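Multiple structures are listed underneath, in structure tokens.
Across the two complexes that follow, chain A remains constant while its partner is chain B and subsequently chain C.
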Partner chain A sequence: MGWRLIRIYTILVYLFMFLPIAVVVLLSFNANQFGSFPMTGLSTRWFETLWNNDAIMRAFRTSIVLGLMTAAISTVLGVLASLALVRYRIPGRNLITTLLIAPILVPEVVLAVALLLFLNFLNFGKSFTLLLAGHVIFTLPFVILVVQARLVSIKRDVEEAALSLGASPMQTFFAITLPLLMPAVAAGGLFAFTISFDDITGTLFWKPGGIETVPTQIFSMLRNSISPEINALGTVMIVLTVGLPLIGAAIARTLATRSGA
Partner chain B sequence: MSAVTLSKIVKRFGDYTAVHQMSLEIAEGSFVTLLGPSGCGKTTTLRMIAGLLDPTEGDIAIKGKRVNDVPIHKRNLGLVFQNYALFPHKTVADNVAFGLNYRDVSKDEAKRKVAAALELVQLPDLGARYPKELSGGQQQRIALARAIVIEPDVLLLDEPLSALDANLREDMRVELKRIQQSIGVTTVFVTHDQTEALAMSDQIIVMSEGRVEQVGAPEDVYNTPATEFVAKFLGASNLLTAQCVDAAGGGIVLDLPGFPRIEIPKERAPRVSGPGPVRLVIRAEKLHLKAPQTPADGMLSVDAIVENVDYQGQSARYFVRAGDHRMQAVNMIEDHPFAAGARVALRFRAKDCAALPVESRP
Partner chain C sequence: MSIEQREARQPWILLTPALTAVLLLLIVPLMFIVVYSFWLKSAAGADTPGFFLDNWQETLTDPFYRDILLNTLKIAAITTIVCGLLGYPAAYFIARSKGNKAVLLVLLMLPFWISYIIRTMSWINILGVSGALNAAMLWLGVIDEPIQMLYNETTVILGLTHFLLPFMVLNIFVSLDGIDTNLEDAASSLGATRWQGFLQVTLPLSLPGLAAGGLLCFVLAAGTYITPVILGGPRDAMFANLVYEAIIRQLDWPLGSALSLLLLAVLGVLVLIYNRYLGMAQLAKGLG
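And then the complex of A and B:
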């Protein structure tokens, strides 16, 4: 009796969580202009409209470029920071770690306003660079957390062995440390991309006029009317933000099995 | 010319001095062991030779060339670690070939050398495997192959056998010595295991608290310990305070209450110069327990009582008391071990004993 209640309750929780998403995905294939059940037919017309909507496609390209650049910069910085924090004795290591992780803990609005005010104070206007910088600050902690955890598990002995065999510190990094770190680097990069791709709070504050990312585009479209295009766009977003990390995890697992770590 | 020369090297970590003014010459082609308990500075010394640590003071020379400012990757050394440190993402063949990538070696030449190295460690067919597919012993052999394939000037081994289980460790000990002799590479071996040190070394350097206690061939270090530390660390020894009554004749004559007169050969007490208190060293395995009244056979004899027995199968460790002196003896068991409380005669030869000056050091 008790178990049955728990089972029903669990199913209800899942329905509550995923039903809205399922509805969005379902309605994106609706042939009718007005989203109502029962659906009158299946169609991909909203995806076509989406494809032909210049504003959305521009926002899409912006988001992709922004996400890729955020991921690239965050990953490089994150790997370098992790190396410094894990491999070298630097004074105030704990403080630096805390500061680097802090952006996760601070409410995003606060971070967004703070960065904006700081750059205004320095007389920098809003720009794509500011937007990118904001996204990097916001995604860097995730990369550092993932990469640091992995780096700790790579024994210093392995690097010392490579050095003793004649590889310079740089060669050792590229031949030994980086390949062993790759699963974490890939995971960190994916995290950074998805978080950047998804972000709306910070982006609303930081983006210069005329530049929209997918989330801000959806946001502004919703203010006018609820167009079925948004359902299609939502579906694309879901596929990207859920699919990419899954693919990434799969790749990481294959890499990890092959390298024996 | 010696392969490695350490001149008054000192290593400090903050206020802590890990190695005190250590000087050492390691002969070309020899197998030298740094032996001591953990924290004695042996690994620190090895890491300084390797270039993984910089000495605070003093000079390190390899083949007559000062290497203090030469980084590790330019020193041409082979390094083997306790936990193998193989590259997990590379095959066995790629692991072994790694060092050759940074040397002027053609592809064919490298292939040939890798095959020869794998042959030498008796694992010629494992080239395509990944390290995690190998046993601990196999991994350590591959690590050794990787270190010697580059024909290093010096092979540095940091407790390479400690991670292996007991039986395998003995096999690997013999194997390691065979490989070292067949290629004749100068080897510095770090261990805390006296058995390994005694079995493998041409020369043992016993270290304690960052200082060298004794340097010598295994037999010398074992038979004629230079300090109390060495006497205690290598094997189980009984140290008794005795009076030297005559050092002028052919031997050192010792007087110990309850014991017969003991005359130790001079070469067993090189540091005892004249009459006065000395420390008498009797190795536990040189102290034989016999039933009372057994003929002495020219050995010295002391009556004693067995206080405790530690049964070890083929041998037993006895804790005995002779008068006020408590001693240990390790004997092979011939029939039945003596039981606790048994009255026995302790038999030993004066020429198996050693004598040391009394140390003022705590």
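And then the complex of A and C:
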């Protein structure tokens, strides 16, 4: 009896989480000229309007370039730092970990203000570089958490075997550690990309006039009430951000089975 | 250089890029705005460096700022409690269910991948004047004219709950999943009812997860900027909106610095209390 109640409760909680998202997808195919209820039929016209909207397409390109650059930089910095933290005994390890995780402990608005004012003081005003620096700093902790968790599970024995057979530390890293770490590198990179792609608070503080990312573009469109185009854009983003990680997970699994991990 | 010396230097070489980034892009900027908060805004041109207490006096004594800070903390607290009430039974169900645990977990992770702004604005489709709920009530004849249900404090809390619930469920799940189910069986074999077993064994053991989820929800809710702008009315500004107003609209950067630091201090105290009693390890578990 109690268990059945909990089951019903859980179903309701899941409905609460997913129903609004389902309505976004449903309405994006709405034929009604105002894009609202009642639905008069199905159509893909809002996706066509979306495709022909230059501002949104430009925002898409900006977000993708920014996300890819953020992911690349964060992943490199994160993998190097994780190696140091997991593979070496270093003094002050806890302090260093706390420092590296700090960007998620500081509220994003505060981080945004501090970075904007400081870089502006150094004569780097609002620019794409500032945007990139900001995105790198708040995605870095996530990459480190993901990569560290994986690195702990890779046994040192394999690396030591390579070293004792005469491989240099560099060779060992590229031939042994990196391939074993690949799923985590991919996951960390993807995580960084998605967080960057989705960010709005920091981006609003850092973006120069004239540059919009997808979230800030949606935000400025929302000011004049919700249009069916936004629902279509939402559907595209859901497909991209849910579809991409699923493909990524599939790739990671293939890589993992191939490397025998 | 000896091999030992090179060995000792290697980790620092690996750490240098990441540490430099954090120091240069977070720690030094934070120290910089501490200094900046004592400067004065000039009517034209550069702000005046110096040691003025004006911004702090305004930040700490103006009832306008105090009310919005208190209101922000209130909204964050209600959101956290609602997330806990909605999230605990769901997390319990996932942790104890046998067949569809994996599916439920993947579904639980999905919202993390779906854009925050899309999830927030999705409520306009539900509660707006031409939204699903109004359409349904008109069709059923419950109302004759659409009613405006949006743009108030309740919808802000609703939006925040929708955004933060997965964090809560995940954290509670992680700690419930780590509890040996034999403990509950042991309690019931010693004569406890299922409910007693839950209250005296499972619930206390899962409190660290509840606390971690609660901290995340509270801190993220209290620092939020977007939700009140999209789902709130003109009177539902939260503290982050004040910061945006000062920095981006009024360009009063010294005042904006002081306001940011006040928010950081209030939330920082919470994080420190949490760290003192529970430690950061629990948080890392939920995130990793």
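Going forward, the second predicted complex is superposed on the first by the 247 of 261 C-alpha atoms of A that agree within 3 Å, B and C clash if a C-alpha of one lies under 4 Å from a C-alpha of the other, contacts with A are read in each partner's own complex, and residues count from 1 in each chain.
Note that in this section a residue touches a chain if its C-beta (ideal position, glycine included) is under 8 Å from a C-beta of that chain, and two chains touch if they have at least 3 such contacts.
None of the values given here were measured: they were computed from a predicted structure.
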Partner chain(s) touched by A:V106 [first = chain B, second = chain C, both, neither]: second
Contacts of A:Q171 with chain B and chain C, given as first, second, both or neither: first
Touched partner set for A:G67, first chain B, second chain C, both or neither: neither
Partner chain(s) touched by A:A162 [first = chain B, second = chain C, both, neither]: first
Contacts of A:G189 with chain B and chain C, given as first, second, both or neither: neither
First (chain B), second (chain C), both or neither touched by A:G248: neither
Touched partner set for A:L180, first chain B, second chain C, both or neither: first
Which partner reaches more residues of chain A (counting touched residues only), chain B or chain C: C
Contacts on chain A seen with chain B and repeated with chain C across the two complexes: 169
For the chain A and chain C complex, residues of the former touching the latter: 2, 6-7, 9-10, 13-14, 16-21, 23-24, 27, 34, 36-38, 76-78, 80-81, 83-85, 87-88, 90, 96, 98-111, 113-119, 121, 133-134, 136-137, 140, 142, 144-146, 148-149, 169, 194, 197-198, 200-201, 204-205, 214-215, 218-219, 222, 226, 230-231, 234, 237-238, 241-242, 245
Chain B partner contacts - residues on chain A that touch it in the complex: 155, 157-158, 160-169, 171-172, 175-176, 179-180, 258-261
Parts of chain C lying in touch with chain A, wherever the complex brings them together: 10-12, 14-15, 17-19, 21-23, 25-30, 32-33, 36, 86-87, 89-90, 92-94, 104, 107, 110-111, 113-119, 121-126, 128, 130-132, 134-135, 139, 162, 165-166, 169, 194-195, 219, 222-226, 229-230, 240, 243-244, 247-248, 253, 256-257, 260-261, 263-264, 267, 271, 280, 284, 287-288
Chain B residues touching chain A - in the complex, by the definition given at the top: 50, 52, 71-79, 81, 83, 85-89, 98-99, 101-103, 130-133, 143, 146-147, 150, 156
